[in-house]
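Labels run A, B, C and D following the written order; every chain starts at residue 1.
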Amino acid sequence: MVIHMTADGTAPLRAAVAGASGYAGGELLRLLLQHPRFEVGALTAGGNAGSALGEHQPHLPALAERVLEATTPQVLAGHDVVFLALPHGASAEIAAALPEDVLVVDCGADHRLGDAAAWEEFYGGAHAGSWPYGLPELRRADGSTQREALKGARRIAVPGCYPTAVSLALAPGFTAGLLQGDDVVVVAASGTSGAGKGLKPHLLGAEVMGSMTPYGVGGMHRHTPEIEQNLSAAAGAPVRISFTPTLAPMPRGILATCTAKLAPGADPDSVRAAWVDACAGEPFLHLLPEGRWPSTGAILGSNAVQLQVAVDTRAGRVVVVAAVDNLTKGTAGGAVQSVNIALGLDEGLGLSAAGVAP
Amino acid sequence: MVIHMTADGTAPLRAAVAGASGYAGGELLRLLLQHPRFEVGALTAGGNAGSALGEHQPHLPALAERVLEATTPQVLAGHDVVFLALPHGASAEIAAALPEDVLVVDCGADHRLGDAAAWEEFYGGAHAGSWPYGLPELRRADGSTQREALKGARRIAVPGCYPTAVSLALAPGFTAGLLQGDDVVVVAASGTSGAGKGLKPHLLGAEVMGSMTPYGVGGMHRHTPEIEQNLSAAAGAPVRISFTPTLAPMPRGILATCTAKLAPGADPDSVRAAWVDACAGEPFLHLLPEGRWPSTGAILGSNAVQLQVAVDTRAGRVVVVAAVDNLTKGTAGGAVQSVNIALGLDEGLGLSAAGVAP
Amino acid sequence: MVIHMTADGTAPLRAAVAGASGYAGGELLRLLLQHPRFEVGALTAGGNAGSALGEHQPHLPALAERVLEATTPQVLAGHDVVFLALPHGASAEIAAALPEDVLVVDCGADHRLGDAAAWEEFYGGAHAGSWPYGLPELRRADGSTQREALKGARRIAVPGCYPTAVSLALAPGFTAGLLQGDDVVVVAASGTSGAGKGLKPHLLGAEVMGSMTPYGVGGMHRHTPEIEQNLSAAAGAPVRISFTPTLAPMPRGILATCTAKLAPGADPDSVRAAWVDACAGEPFLHLLPEGRWPSTGAILGSNAVQLQVAVDTRAGRVVVVAAVDNLTKGTAGGAVQSVNIALGLDEGLGLSAAGVAP
Amino acid sequence: MVIHMTADGTAPLRAAVAGASGYAGGELLRLLLQHPRFEVGALTAGGNAGSALGEHQPHLPALAERVLEATTPQVLAGHDVVFLALPHGASAEIAAALPEDVLVVDCGADHRLGDAAAWEEFYGGAHAGSWPYGLPELRRADGSTQREALKGARRIAVPGCYPTAVSLALAPGFTAGLLQGDDVVVVAASGTSGAGKGLKPHLLGAEVMGSMTPYGVGGMHRHTPEIEQNLSAAAGAPVRISFTPTLAPMPRGILATCTAKLAPGADPDSVRAAWVDACAGEPFLHLLPEGRWPSTGAILGSNAVQLQVAVDTRAGRVVVVAAVDNLTKGTAGGAVQSVNIALGLDEGLGLSAAGVAP
């Protein structure tokens, strides 16, 4: 029997990744490989089961010869942490079959929404219930952060990539009472990895390069109720958004342009102070100096969120722009950060705030 | 003396282009070369005067050996049409020195705004006055279109690229009384040719590729008052917008996501009918079938505007998305279209509604 | 009965396009729409038959509502010209069913190779025989060009995109006796539209953007014998090449870097003179001034070939670089050019040498 | 006085970076931040001295507020390691002013070439002499690797990015005697960060995106003698190359397609065996399984080299393709790897073989 030890002499934690041949799975593995406390255990897939990981994730030479197994509770058993990067609707059954003391991390949508009606409206089918929500920096109206809810958790729902960007962008203004919740407008651009690895004509490189196009227009995108859930918690009152996602000619990254009407009495100074306050002490939230603007290029592969806020006094609106990497902070990095908190490790272990730029 | 004749035996019109080494100048020349009635006359530049056009516009072999001259009224004299693709503030003096019966087309901002106070706020310096505005499809509250104002014109102010996209996107709703004018929010993504050919670090390819970033946030972009001018004319009442432009990793194209609150009584059917009506008979406005969305890739190099409209009943907003090529319909194509109207030619002469895709 | 007339009063030529939902088909239609003598007739497809063209070619609004028919001889009958943009192996049977006086243009590979053994080695299956080869500028050792062979032709084999670029790049040196034919090395980069519209994981935008990768390495690419056929005809002796294609992160364009050893006695002056001579009078071949280099961006959507040649005296090699648009000059533009010649029209009708840049 | 300690209790090594606002400098800092033994000391620049690093390297939040100092020996004194990422010709004087026991790492070209005549031919000016060459994996004809020459070194010349890719691609064949050295042909594509951050029109995003273009054609690129130096050392005899670099529309990455004629007696089995042998035990050299090909996307931000080799028996050539990240393994990663060896640390410390993909 082989006993693995990490650099500091502690036994490693074993992590399984279900859905290891997809984009979220690949990013989880990239982060786990550089995490000092984790050892990569079982890797599973659906249709790709039986093939080598190297065929699907050529950027991970350390795991190239690992063979993908079928996604079953038996294969996933015996790990300290199980990451589920599965299509929506596939997590609940698997999770139910895993012991309660195993940390199960759902990167899909199944356990994000607390409101069963919203689930049914936007996703359809039965609501699986909600798990502790993996967005540590999110503050509620009472001043607490989501971080507390994650300590010791054994089930974590990883937020969607757009909700990560938009919620962290706007929550500071809602908790500070500076924004009105009835007319929030968000337009966000995402790299095409956000659409997954499924084979669809509009995702072909020749279609995507040099082109931008919207999708899910008219409030139909499934991340809409999740964003509203988060911002409503921050505001302590219902928030309603108009959300339009667009597909941008880049592999990764989200640039979210978020605007809300100023509450009476709010002024540029109080606005800036609220965001300064929200980012203070947060290892991954970076409010840029005035005059500089977030760019997705600067946070490629990083767990950082770049933020900037401006007040448009003519229009009576606050404009907040956030840049995140949809696969890192928006999915796998947020997952690892939440796992670190749940397990009592240093929150930033295995994660970097530096982007791979240019 | 050489007499040039076009295919149908008429004498060609001679066109001069000032600013021929820039992006707008290059696109004007590309279109003039394929226009059956024009012959390319003098080409002028600022710092590039004295060099061959081929050094700056390698895509135009027919003109590669033409030498750029200095931009002076003397060089520009003796043409039927003079296109000015100059930095803001440089057009008024040149234009004043050209005869009144020469058709002068200003691709810069100098003559777009009717409101001197708005000019001074956003551009600074003295207001040069306004010229007939080169956006033929723009309808006013009284049902007339801008097309009429261009017939016989000898001075034309070509719209900015963002105002072209946003105004044509939203005007139909305002003329039909379906939109509220007090809280319009627009977020638009532009290809980097929109930022011109000036050498700035953030425009380097390595910075731009794979990255999106906003600029001019907080209502500061100079196209803001021009959009408001157009939409106010359409509404017959003041319209106020929150406008955020972003730079996207593509050479050309604008995707404008435009939202406004529904006026009381407006419903999805009346909304769609208004846009159907506005596009009927317009050779370059294409309202897509329901379920399809504009993409900038589909209108590359074309004078077309792709439009789609959706109603978000939860948020109480209309979302209109427009795709235009910032250099074609957004600048040079719009200029040629307006010139065709001014000179009594077929409006679409030398222009194509087909994009170069994929 | 509707009689269509073109601008000059002649009856239009009716063209059918088989394979109209693919990339080659789309480019053919874009060019036919701007051709003064053609009218677009039947449009056919395989699996996409029954759907509207607008679903597949959103850049062609003039044809958006046309419904794709099944590809059968009956549907294709009754046209003056039939363009076949079909998978390899599908053309011969269709062509055999069309009358001999109909001009049939095969954009696939079936009729390009004269050597049945080479066909069987690289493509497999029975050799369909060869048709007049649609590369008008290609010169043979005897000084004749392929242009002559196309006059009056009623069957045309359109060259492959790589063979177009490489053959036009190197043929001038072979006809002039300046190059050795035993050790030609070519490395070419292609935009991803060259790989077609088939759904394959490595063609997804997220995989392609920011990444270059080779394929068909080791002399296995099917265009290899076609290039050798062309260069051997130019040399009047067998030419053997090492050819490596690569996939580049761009939608269109081929940049072919072609090197061959200098023949004894060849010097830089004689080399340049040979290419100057080969390009003289050719409307679509542009030898750039010394010091400037071809770029695919400069010939986007154009039928032009940009060429430059250099002598590496240290290595004893000539290096010729060619840029073509794989869909225009490399497929559909070359097809239209050849059709113009076959029908006795002006060779450049409906084609442009100007690129859509930047 | 502050004593810094690393995780394992040892005192950190202090590193200075000269040229910290450029692309190589930024990548050095990214890697140093994740290196467990280094602490970032002085950061210097030329024209950017006096400004904050965050203005130039927005992807490095940990150092955003650091102010750039002028590049002088005084500022660089007092560090354990000094990285020079300076324009060619600027390193020698600085290095001479630093103590001999300080490890000085030159990322520029000044100390790469052993042959003064080659220096003068390709760079001009006086030859600064050569330093131990920082390409640990490079084997010589006698079977030794460059790794040995780096142990204990206090001056290191970091290889150029193209020489890194090409030398590691072809050296295995030369050391094994399987390749002829008289007719090597290399065509390589580089991301545009390889051209640096200087403001040049052809590097603007709008020019670069969607376009490929060659440069330094005809054996003129300065990396040519460096590649020949390396391959000649591997072969134990002079090697002569024809090298053509091209600029590809991506921020980072080099894809080098390298071909050489097979030596008599070489066959596909012996060829594969030579590359298998050369990669065995090398932590950053990855020979892919047969049938898979390197892609630059797979090694983004990684220190890995992806390799594949094929034999073209028709052409009598070996084709080797290598993918490296020009800024990581091609510059900053190679520098850190060499520093680790020089200082007796684990060779891979602070480096990753995993790429950031997709």
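By our rule, a residue touches a chain if its C-beta (ideal position, glycine included) is under 8 Å from a C-beta of that chain, and two chains touch if they have at least 3 such contacts.
Given the structure is predicted, the values throughout are model-derived calculations rather than measurements.
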Farthest chain relative to chain C (centres taken as mean CA coordinates): A
Type of chain B:chain C copy interface by residue overlap (half), same or different: same
Centre-of-Cα separation between chain D and chain B, whole angstrom: 46
Geometric centre distance via CA averages, chain D-chain A, whole Å: 34
Distance from chain D to chain C - Cα centre to Cα centre, in angstrom: 39
Junction residues of chain C, two or more chains touched: 23, 191, 193, 204, 206-207, 209-210, 249-252, 295, 297-298, 300, 358
In the complex with chain C, residue positions of chain A that touch it: 23, 191-193, 197, 199-201, 203-210, 249-252
Touching residues on chain D, where the partner in the complex is chain A: 7-8, 23, 26, 30, 33-34, 54-55, 57-62, 64, 193, 209-210, 251-252, 286, 288-289, 292, 295, 297-302, 304, 306, 352-358
Of all residues in chain B, those that touch chain A in their complex: 183, 185, 187, 189, 191, 204, 206-207, 209-215, 217-219, 224, 240-242, 244, 246, 248-253, 255, 257, 259, 261, 293-298, 300, 308, 310-315, 317, 319, 321, 323, 358
